[in-house]
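Please go over the structures that come below.
There are two complexes below, and they share chain A, which is joined by chain B in the first and by chain C in the second.
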Partner chain A sequence: MAHTSTIAAGGAALAFPGHPPDRHFKWWIIAPAIFLLLFIGLFPLIYSLGVSFQHRTMLEDDKSFAGFLNYAQLFRDARLWQSLLHTAVITAIALPIELVLGMLMAQLFLERLPGRQVFVSLLVMPTVISPIVAGATWRLLFDNRYGPINQIIGWFAGKPVAALWTVKPDLVYPAIILCEIWQWTPFMFLILLAALSNVDKSLTEAAEIDGAGYWRIFVKIVLPAIWPVMAIALLIRGLDLVRIFDIIWALTQGGPGTMTETISIYTYVQGFQQFEVSYTAAVAFLVILMLTVIVTWAIRRMGLAK
Partner chain B sequence: MTPQRPLLRRPGPVLALRYAAALALTLFFIFPVYWLFIISFKTPAEIFHFPPVWYPESIQFANYRVLFKDGDAETVWNSLVLAGVSTVIAMILGTMAAYSLVRFKTGGENLAVWIISQRMMPPIAIVFPIFLLYVYFGWVDSYHGLIILYTAFSLPYVTWMMRGYIEDIPIELEESALVDGCTRWQVLWRVVFPMARTGLFATAVFTFVFAWNDFLFALVLTRTEVITYTVQVTHYFGGQSNFWAKIAAMSVLGTVPVFFTVATLQRYLVRGISMGAVKG
Partner chain C sequence: MKMLRKLTLTAAAVMAVGWTAAAWAQSAAERAVNEAKKYSGTTITIVWEAGLQSLDPLHFSGPKWKELTGIDVKVVEVATAEMFTKIMQDYRSGAAAYDALNVIPAWMPDLANAGALEVLDPYVDKYGYRDELQKIAPTYRDNQMKVGDKIFGFPDDGDVFLMYYRKDVFEDAANKDAFKAKYGYDLAAPKTWKEFDDIGQFLTDKNQPNMYGAGFFRQPPYAMYMFQERFRNEGGKFFDAESMKATINSDVGVKVFTDMRNENKFMPPGVEQWGFVENLAAFLQGQTAMTISWPPYGRWAEGYGTDQEALNWVPKTQIAGKVGYALPPGGHPELAAGFALSVSSTSKNKDAAYLFIQWLNSEDISLQRVQLPYTLRDPFRTSHYTSPEYLSRWPNAKDYLGALKAGSETGLLDLSLLQTDKYEEVLRQSISKLWGGDDPKAILDQAASDWDAITDKIGVDKQKAVYQTWAAKSGAYPQ
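The block that comes next holds the complex of A and B.
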């Protein structure tokens, strides 16, 4: 980075001393990005903050000041808090499974294995599929009569099985989590594989010669080495899980009833099916606030702040 | 005495076991994709056969022909336009912003952090105010509305990734180009963009796949004209399961381009994933 100062300070004088467009060049090239982010990121936020203090619904465009009415309603809205609980449950179950399974797979493929490249190419496939298509695919797989999952379970059970995976209350969560794990474990696997192959071999080999066991080497040397990458992978996946929408929309649409409604599904239903305009704006603000707190906490906690 | 080799590196039965595990895992992850593809080639009788049949008698394309005849297949074209154009714009704007951040330290660390923090925004919280705004502008169900949104959503990622790649470009190249009489803009177009080629591809794959696979934004902001394939797939959902063939065929039409892109650019993809994680 020592070079940067050359062009930043001296570079401008290098070719065009005082040339007007040159002086503003650094702002000209970053301005479109800033403008676009303000337009899409900041402006709607301010706008909807205003809306959240009004009385607007689909039927009446009542723009009078409502005070904190909508925000007070947040605390009385049992369906909202249940949707947050559903989101937390899905995240708390799926994230550790994806991490552990991804780590095991990365260990499996870390050492030489014939045809490794082919395996890895095939394993990428679930992750690049659209989540809505992944959900649709599993919907077909889970079908009680014409899907192969009940058929396979039936082989092991020795009798036909007709489980209603996307309808039965005790089966919907396993169904959603299975689909989620299927799609995103390969993502975790790829990142961890890349991180593991970057671990300094001489360190682990030296520990081996000193007689350290596999588990001890993993905890004391490998894990600290891959932690920065692993933490970011966890953060990315954790955030994605908290805003999960597509897979559930394809599998259950939040049903049966509101049993699998996550915060994203709930917000969508409020805003675009019931058109509670002002109230949805307040919900959106709650979501943004919560995510900001979680992300800030996670970044501090994981020591990612640079 | 040489130390015993660790379990996973020993040849023989352990390698065979690892191989079996690798095969089993790959089968688990591939099977749903296989099932999706195979349904799209089945006849209605085969789709609704009990017990399910695992491969069709013959490959037939009637399910696809229907999609092209009804015009449903055009939604794939919409996805291509939206994802393609927004990727190109995001790459250009994001790389320019990254260049400004790296070489001029524009706005200090604060601006860089602000840009990446935009990535954390939950789409569901953004999409509602955006919808109100687009209704006001009359931008709902328009190409440019979604292109602007996809571009803005990819920009933080592109800027962040390209920062890393631009730091790797030797600054002497830019300095000598300036000495040779290039303007700053020419340096950007003729030195920085070509030199960051690998990074541009790696980042573009992800940007493209993100926009291509999006569902929520398209669901909210399209009506009839610019429906993407992801929204079209959900149009076949219903109480009855008689649209299975269409769900499968439409999904395959939307998935094949991604598989193709990823397969051709695979070495960039793996690099992109690991770089993104390493550089954060």
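The block that comes next holds the complex of A and C.
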């Protein structure tokens, strides 16, 4: 062949007859993709970092350099830290409940039950609904006049119940967490069901023959076997919970006051309602920094890097 | 020869004067149409509130304008809460996606100061609109049109809170006797909040759970306007005009907050969650005897236009012919929200956009628009209140228009400062805390502190100047 070309064994160089192999060819091949990724990923990040050191708001033309003013403001902003606390509380409550319920459901559906496929499909339905729609639907369910939840509680209580789920401070968190768990426990269930289905049955059967109990088998054999998958599921859901927005926005808009305002809601309010462009960029970088530390720690702790 | 030239010049001058006179004899709407024909074949884009409001340009004014001038109207529907953001984003990005705008008057200082709105004075003079502009009801004309001494928008929606009450219940002889015996005065539409409380409690005690004395929308975005109205009616001032320190936590503020929460007790259970639709449904179905809301409630309560497809979500009224109209207690209703028509400063079709809003806002066309039952646009011109056509729309339309006119004369403007929404957000949060059960004094102390922080950040002197200009307007505080 007149124009034979070969990729060298290491994929590092292209050899044309009569020409020395181009050592940099592999870089030329991936350069467009890298450029695109940097352009859409890194450029906005660097740009936002620059903006966070300015005085920008959408209402004024001032683009002057602000130094660390916006970052210093972060430490004085009580509402910001409260919103982070609210986010942490919701995550700390919802994540374990979703894990436990998901695990119980997965254990239940591990056995070959009649109509299993249909039930699994139905159970997964909430996860395909948009969170804002789920939140709006739950708002209707919680409605004092037309919602069925108060009516059902009223049947059990034997008298009409007029609980204001989205208004009263003692009810708003249960309402949010109930909605969140309803929507996302099926995700945990599906992942764990897949993981449990792949546990080597010969090991559990051998342990049973040796006289090990259910709990011991679960802790010593099943849990280590499904741990990598479970850890990934926890990480994904944990990150989802940190950026929770839609459900709370639909249910309470962060109220009463700012009692259920999460970091995503706070960032949205600052950026898109109050137009504090530079300060919002500083908030975003604080969140990025915190998440990077937490996720790195979690990945190491969970052994996912291995 | 000299004589001939003289004659020719005289004839030309007479003709010119004649043409000019003929041109100026046209109505503002006709003038806008004739001038706009120059721009036939172009497209203008207008931002309009999503939902019922936008059916006006989509079904009525847009197609009509196209037919008259050949100019296409593209309507960008935006949710109210997003309108300010979208307009500012368009301006800051320089996208120039919008030509004409619907603007809530309270936003006007922010938008005008940012440079997002075109100054309309040159166009008003160029296209001879000044005379018709003067015929807009004084409160809207004098308060919702200018920033400084420049026109930035045409008031185009006579939003005002009215009290709607059940005439049949108030005129019932047994009710009247029992009420007079208990409270010592006649049962009639309440003129003070004390009377409102008495009547509300009386009717609830007598009729619940079938009917309650009153029901209000209580969701924070609506209740925020009700607070602004009531606070000022009872003598409150938002700021100390000299120091610009917030004074919403005054005794008046605390009393208003306390009363507002106490009144929920004689309203239907769960009223704290009510928005526009829940409150409307309760009133139209006869479950509440009094309510306060925007003008469409009055029309729909009489069944006006509710047979149209666009309004098929409005509950069938069970109280047609039984509705009384009055000003809310205190007599100075909130001119809550409203809309003005403006031109985007980045528009590439400014003349065409201007001519469209002049035509929309003109005497002839606006009268047709405010009678469209589905578009939520309310009477705002002096002539609207006395239009024989409108007065004949339903049997007691005269009372309705009379109440709207009275409201337009004594109405109170929404607070309008630099970055108004930040102040309003604090009020919205405060109200949600109020319904949550927090202490009114503590809530308002926090709100005042938050307002002070916002003012400090904007700049006390800068904000003070804007506030003093606003406070000097006829509709800022009860006169």
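Definition applied: the second predicted complex is superposed on the first by the 270 of 306 C-alpha atoms of A that agree within 3 Å, B and C clash if a C-alpha of one lies under 4 Å from a C-alpha of the other, contacts with A are read in each partner's own complex, and residues count from 1 in each chain.
Note that a residue touches a chain if its C-beta (ideal position, glycine included) is under 8 Å from a C-beta of that chain, and two chains touch if they have at least 3 such contacts.
Model, not experiment: these values are computed from the prediction.
Asker: With the two structures laid over each other on chain A, which partner does A:Arg145 touch: chain B (first), chain C (second), both, or neither?
Answerer: both
Asker: For A:Met58, using the defined touch cut-off, is the partner it touches chain B, chain C, both, or neither? Pick first, second, both or neither.
Answerer: second
Asker: Which partner chains sit in contact with A:Trp184 here, chain B, chain C, both or neither? Use first/second/both/neither.
Answerer: In the superposition, A:Trp184 touches no partner, neither chain B nor chain C.
Asker: Is A:Val269 touching the first partner chain B, the second partner chain C, both, or neither of them?
Answerer: The answer is second: A:Val269 touches chain C but not chain B.
Asker: Return first, second, both or neither, reflecting whether A:Tyr279 touches chain B, chain C, both chains, or no partner chain.
Answerer: neither
Asker: Applying the document's definition of touch, where does A:Ala162 land relative to chain B and chain C: first, second, both, or neither?
Answerer: second
Asker: Between chain B and chain C, point out the one touching more chain A residues.
Answerer: For chain A, the partner with the higher number of touched residues is B.
Asker: Regarding the shared-chain residue A:Gly257, is it in contact with chain B (first), chain C (second), both, or neither?
Answerer: It touches chain C, and chain B stays clear.
Asker: Can A:Val287 be said to touch chain B (first), chain C (second), both, or neither?
Answerer: first
Asker: Considering each complex separately, which residues of chain A are in contact with chain B in the first and with chain C in the second?
Answerer: Touching chain B and chain C on chain A: residues 143, 145, 272.
Asker: In their shared complex, at which residues does chain A touch chain B?
Answerer: Residues in contact with chain B: 1, 3-4, 6-8, 11, 14-16, 21-22, 25-27, 29-30, 32-34, 36-37, 39-41, 43-45, 47-48, 51, 105, 107-111, 113-114, 119-126, 128-134, 136-141, 143, 145-148, 151, 154, 182, 185-187, 190-191, 194-195, 198, 208-209, 211, 214, 228-229, 232-233, 239, 242-243, 245-246, 249-250, 263-264, 267-268, 271-272, 277, 280-281, 284-285, 287-288, 291-292, 295, 304, 306.
Asker: Under the definition above, what is the set of chain B residues touching chain A in their complex?
Answerer: Listed in rising order, the residues are 3, 6-9, 15, 18-19, 21-22, 25-26, 28-30, 32-33, 35-36, 39, 47-52, 54, 93-94, 96-97, 99-107, 111, 115, 118, 120-126, 128-133, 148-149, 151-153, 155-156, 159, 167, 171, 174-175, 178-179, 181-185, 188, 209, 212-216, 220, 230, 233-234, 237, 241, 244, 247-248, 251, 254-255, 258-259, 262-263, 266, 269-270, 273-274, 277-278, 280.
Asker: Which stretch or stretches of chain C touch chain A in the complex?
Answerer: Chain C reaches chain A through residues 85, 88-89, 92, 110, 113-114, 220, 268-270, 272-273, 278, 418-419, 421-422, 425, 429-430, 432-433, 435-438, 443.
Asker: Which of the residues in chain A end up touching chain C in this complex?
Answerer: 58-61, 143-145, 162, 164, 166-169, 255-259, 269, 272-275
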